[in-house]
Every structure is written in structure tokens, then in C-alpha cells.
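Think of it as A, B, C and D in the order they're written, each chain with its own count starting at 1.
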Amino acid sequence: MARVQPARTFSTTRVEAFTDGVFAIAATLLVLDLTTNAFGRIGSDAEMWEALADMRDSFLAFVISFGLLSMMWVIHLQQWREIARVDGGLLWLNNVRLLFIVLIPFTTSLVAEYSEFYAGRMLLPINFFFAALLGFLSFLWASARDGHLLRDEAKDDAHAEGLAGLSAVICAAVAVVLAPWVGSWGFLAFVFNEPLTRVLQRRSRTRVTPGD
Amino acid sequence: MARVQPARTFSTTRVEAFTDGVFAIAATLLVLDLTTNAFGRIGSDAEMWEALADMRDSFLAFVISFGLLSMMWVIHLQQWREIARVDGGLLWLNNVRLLFIVLIPFTTSLVAEYSEFYAGRMLLPINFFFAALLGFLSFLWASARDGHLLRDEAKDDAHAEGLAGLSAVICAAVAVVLAPWVGSWGFLAFVFNEPLTRVLQRRSRTRVTPGD
Amino acid sequence: MARVQPARTFSTTRVEAFTDGVFAIAATLLVLDLTTNAFGRIGSDAEMWEALADMRDSFLAFVISFGLLSMMWVIHLQQWREIARVDGGLLWLNNVRLLFIVLIPFTTSLVAEYSEFYAGRMLLPINFFFAALLGFLSFLWASARDGHLLRDEAKDDAHAEGLAGLSAVICAAVAVVLAPWVGSWGFLAFVFNEPLTRVLQRRSRTRVTPGD
Amino acid sequence: MARVQPARTFSTTRVEAFTDGVFAIAATLLVLDLTTNAFGRIGSDAEMWEALADMRDSFLAFVISFGLLSMMWVIHLQQWREIARVDGGLLWLNNVRLLFIVLIPFTTSLVAEYSEFYAGRMLLPINFFFAALLGFLSFLWASARDGHLLRDEAKDDAHAEGLAGLSAVICAAVAVVLAPWVGSWGFLAFVFNEPLTRVLQRRSRTRVTPGD
């Protein structure tokens, strides 16, 4: 039973293409929330500026979600650089991850319009939390069983890359916890993503290979 | 006449790219059905939660259609792993298959809004049935004439892969038949897709190569 | 001056990817015209069927435009199979071609809603005519100067492929001419695309290489 | 510290795929601004032509933005032909560049509807200015430190390619400056993009390698 179904793995090419497509479309659909529908009748330059200023919440939500989607995509890019083959489990973990990516334009529109309510503030960070979590689980799956889906050269780095995914999950969790009080400002937790990743990796490396 | 027009086949690269694009966009457009248009004026957290709870049919339809689109895409991925070249017939079978994929966001919106009516419940499973059927026909076409469009190594597996496509058609047909009574719950028939595929493949293998 | 700027040509990879993306999105956006906005309040199964039947013009326009977009994409696929390198001229001919592809969802919506008016009937075939014309011009450009942008093996077939492009232009022109009387049924002219291509190619081959 | 983290660069494949996707979607979403929503009830061919004629601002804005998006994409194509590897800095410069690309459908809709106001005229050229600027900065970054991210063969041309990016920034700045007076006609400044690029490159070449 050990080497059964090696044929049931896939090359990463099309999975990456599908993923890039979904990320690109979700990121671009964010612009559909920026509409002039609420402008009413505009009669002067002053009113035009005012109408644009009233969109400031929408602009902010747009920039935040575009930035976070970009970051989620970069994390995918980093992880899949190490992944050589895809099996059914990884395929479906990736699909569920994409489901949460596709939801982002909706949860972003909630933030833009209903941030005064608890649910309006919370659903975007929760959405990103699950996207980050599925990202972490995807990489755990790929690096399980001695990295059976990773590139040969990547097996040494697998642990470090997994910790990067864990760091994103922690930052997303912090953003969720802070959201009731500070709303989308909680996403500033992701500023600590990079340093936190390094701390986790350094601690882990010291523990595993002290002389490396 | 036998070896006429070998030049009239195509490499799969762009066909797969176009297909991945259509699937990715159709899956992402599903989010456009999740809007706050029906929210009315929201005055409290309680009303906000209630408004979101009222969207439960839309959320369910979103998750179901995203899941089924993902599954259709995975089936495409599995089939085309075995396909080496594309001729005009396969190209057009694939295009018609994509037509039914593109329709999914529309038939999904029917389920979300009109599931109390016969037509509202039926059109989504019928849509997926035709997508599955075209997938099966595509693979039949590719593996016809001793697998003239398949990779050399794939010709042995062609029969098994075709049965996987047949299994999806059967599950989709069951979902159509169940839809009048149970609506979208009929899609749970796809839970049996994987085991049914195995049963079909085992029976077929026993018959063809008893000692294998 | 002869071999100036060989570096100013591009590989076809990204041009094809961008083109596939635009075609895939334009084809998928067609579904946005299929909405239930005009349904009004539905109270019974009979009313639901009636409301769907009232969408028949929209469905027909959707199928026609999806089919024609698919055909335009197949033509692109056939032409670019022969194209090895892209220069600035071909790049911009391709971009203008894509502009007409992007317009299709709009001209399709005109047909669906305003086919009783001259402009409503005419703009979709005119749109496709220009898309076909730009396709023909693209290939003329690529095969000019002894096929300087074609694959080496393709130079012999260049003339035949160009005639296929010409055939599509002729069919599109016929569809435009017929549109005032028969509307979108004029697109049935494309049924003659394949035979017309063969006739043009046979006549041309007989003339050029009588003993081939 | 010199050769630290060579592993933290990426191949360009997926970055280009994501970029092509975003450009293709942003270009295609432009068509969503061409709607018949403002048509009112149409009763005759004459009214239909009039309604279409009233859309002339929208059509013009569509063509301009599609043309400029195409040009921005061509610039990306030219630059990334020379880029061999992507590091974190280039990745994020590219992401910010894409943010401004994604905004184009919104700023285009402002031009179409509110060009009589200062803000309506200005935001589209400003948007393109930032897209061009980020493009220039991306290439500066890639060619810094003796072209550490460029293809080996490209290092000689890096300076020339950078000047092409600079030229686009200058043209975009001119379009911004002209916009208050001439609106979108200011984009005609881009007609001088190609000659300006050549002038900059010739001056620079004469200065650097007089005998070349």
C-alpha cells in the first residue's frame, strides 16, 4: 500500500494559475465597492470634493483589503515555491482557502458601510483569519510525512516556512481580538508579521541545530 | 486520409489557461450575489445580526456553488492531466462545458432567491448535470480511437479516468432527481462521487484484467 | 538598419496570457446580463416559469455571444500557434482587438434589450466584425516580410492561416449586412466559416503549388 | 551578509501571471461603466441613436482608459522582459503598482460622469501618474546594485529601459498638469512617450559610450 497512487498527485502549474486568477479577480472586484451611487446631485467643485471625502471609509477599506489580499497572495507565493506536487488533500485545502479569499470583497463592503456595528467590524478580520489558517494548514499538509509534497531542496526550509505561516495566523488572530475596539486598525498587527516570523524561526533554529 | 492534419491539433497550455480563467472568474463572481442591498436601515447590533442571518440562504448557495465549481475544476484537472493534444472537437466540447460553468452564478442566484419554486430549485442541479456531462463527453472524445489525444503513458488509465467522469454525471443526475424534494441538499449525492468512482473502476478492472 | 532592434520583440507567453484573461473575463461577464432584476414579485411556479420565459431574448443573446467569443478565441489560438515573436505593431493590433472583445458584454446587452431598434440589432455584429478584422490584420502583420514573426515551420502555412482569418471577416461582414432584417440570426453566417475557409485555401493552394 | 537569503527571491512566472490577471480584469471591468441604465424608455430608432450619442463621454473615457491600461501593461511587459528574479521589495512595489491599476475603473467612471468638475477631471491622470511612477520605481529597484535582479544579458540595457519608464512618468505628469484645462485630452501627452524615450536614451548613450 505504501507507494500506491503516485499518479494521483498533480503538478502545481494549474493550481497556481487558478489561485492567481482567484486572487487577481478578488483584488480587482474590490474596486466595485467604490461607486458614485451615493453621490446624489453634484452642483459645484466643493460638493464634488465633499462627496469624495464622504467615501473615505470605502477608500480605507479598499486599501486595507487590497493590501491584505496582496499579503495573502505573497504568503501563497512563498509557500508554493517549496511545493513540488499537489495531492487531493492539498488541492481541497487550497480550494477552501480560496473560498475565504473570494469572500473578501463582501466582508470588505461590510466594513465600509457598517463599521459602527460589531458584526460589520468583525467579519473582515475573521475572514482573513480563516484564509491565514487554511494557508498554514495547507503547508502543514504539504510538509507532513517528511515533506512528501515538497521540493527536495525545500525539505530543510519546510519548518521555517511553516513558522512563517503560523506567524500570519497569530497576527490575524490578534487583529480579530482587537477589532471590537479598534476596528480595521487591528490589521496593523500584521506589521509584526515579518519580525514575529524571524523570532519564531530563530528560536526554532537555535533549538534544533544550535551550531548551524 | 488517415494521418491528415496532425497540425490541426493544439497544445493544451492555452486551453487550460482559458479554462482556469473562466473557472476562477465564475467562482469569484459568486460573491457578487452576497450584497447588503436588502439590508434596509440598520439601527443596532441586533438588527445587523438579523440582517446577516436573513442572508443564510445566499451564504448556503454561495458555499454549495463554490464547492461544486471547485469539484468541477478538480475533475477538469484530473482529466486534462492525461490529455496531451487538443483537436477542434475537444476544443468545442470544452467551450460548451465552459458555457455551463459561466451560467453557474446565474443559476446560483435563482436558488438563493427563489428556492420555494420548482424552477428555482431545479436549474442549478440541471446546470451542474450538463457541466458534468460535457466533462464526460470531453474525455470520451479524447480517449476515442485508442486515445489519440491522450499522453502515451495515460492510455492505460484512460478507461479509469473516464469512469470517474461517468461517476460525476451519475451523481449530478441523482442531485437533479432529488432536487424537487430536497432542493440543494440533493448535491450531497456528490459525497458518493469518490466511492462510486472506485466501485466502477474496480468492477471494470476485474473484468478487463483479472490478474492485475 | 536591417537587423536593428531584434531585442524589441517579445516572447508570446505573456501576450497570450493577457489575451486569454481578457477573453475569459469578457465571456464570463456575459452572465451578469442574466439577472432576476426584472422578475417582479413571483407568487407561483407558473409565474416563475413565465418570468424565466421572458428572459428568452437574454438567454439567446448570452448563448450567441458566448459562442462567438469562443470562436474568436479559437481563431486567436490558431493564429498564435504559428506566431513565434511579438513586436510593437503586433502588440498594439492585439490590444485593439481586445478592446473590441471587451466591448462584447455591452453590445450583447443592447441586443437583449433593444433588438426591436436598428442600433440594438446592428452594434453586436459590427463589434464582432471589427474583432475579426483586427484578427485578420494581426496575422497579416505577423506574416508580412516573409513571415518575420512566425515560427520557422509555420511560414509555409501562413498563407492558409491568413485565409482562415479572411474567411472570419467575410462571415462577420455578412452577419452585419443581414442584421437589419434578421437580427442575430445573421450570425448563422459563421456556419459557413469552416467550409469557406477550406474553399479559399483550396483555390489558393491550386493556384500556388499545382502539384502539391 | 553579502550573499544572505538568495533563497528569498522568486521566479517571475507567478508575479507576471498575477499582474496579467489584474490588468486583464481591470481592462475588462471598464465595460461595466457602459450600461443602458440611463436610457429611460426608448420608443423609436431616433431615440435609440440619441441615447447612444449621450453615452459619448462614457465611450471616450472607456477608449482612453483601455488604451492607457494597455500602454501600462506594455510598459510592464518591456520592463519584466529584463527582470530575472523578484525579491520582497520588488514584489511589494509591483503590488502597489497594481493597486493603482485596480483603481482605474473607478477613476474612469468619475471622468465619464463628472468631468465638469475639477476632481472629476484630475483623478484619472493622477491615478495613471502613480501607476507610471511605481513602474519607474520598480525598475529602479530591480536595476539597483548593478542590476542584481536583472537577466545577465539585460544589465547593459537596464539604463535605457529605466529611461523608458522615466519617460512615461514625465508624460503622465504633463497629463496631470494639463488636465484642469483640457481634461482627458491631456493624455495626448503620451503620444510623445515614444519619441521622448528615444531622445532620453540617445542623450544618455552619447554621454556614456560616445563610440558605441
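Miscellaneous remarks
Assume a residue touches a chain if its C-beta (ideal position, glycine included) is under 8 Å from a C-beta of that chain, and two chains touch if they have at least 3 such contacts.
This structure is a prediction, so every number in the text was calculated from the model and none was measured.
After Cα superposition, the angle needed to carry chain B onto chain C is 90 degrees, rounded to a multiple of 5.
Although chain A and chain B carry the same sequence, what matters here is overlap: shared residue numbers make up under half of all numbers found at their interface. Taking the mean Cα position of each chain as its centre, C sits at the greatest distance from chain A.
One inter-chain figure worth recording: chain A and chain B are separated by 26 Å, centre to centre, where each centre is the mean of the chain's CA atoms.
Distance from the chain B centre to the chain D centre is 37 Å, each centre being the mean of its Cα atoms. Multi-chain contact residues of chain D, defined as those touching 2 or more other chains: 17, 21, 25, 29, 32.
Touching chain C in their complex are the following residues of chain B: 7, 10-11, 14-15, 17-18, 21-22, 25-26, 29, 32, 88, 91-92, 95, 98-99, 102-103, 105-106, 109-110, 113-114, 117-120.
By the touch criterion given at the top, residues 16-17, 20-21, 23-25, 27-32, 34-36, 42, 44-45, 48-49, 52, 63, 66-67, 70, 73-74, 77-78, 80-81, 157 of chain D touch chain C in their complex.
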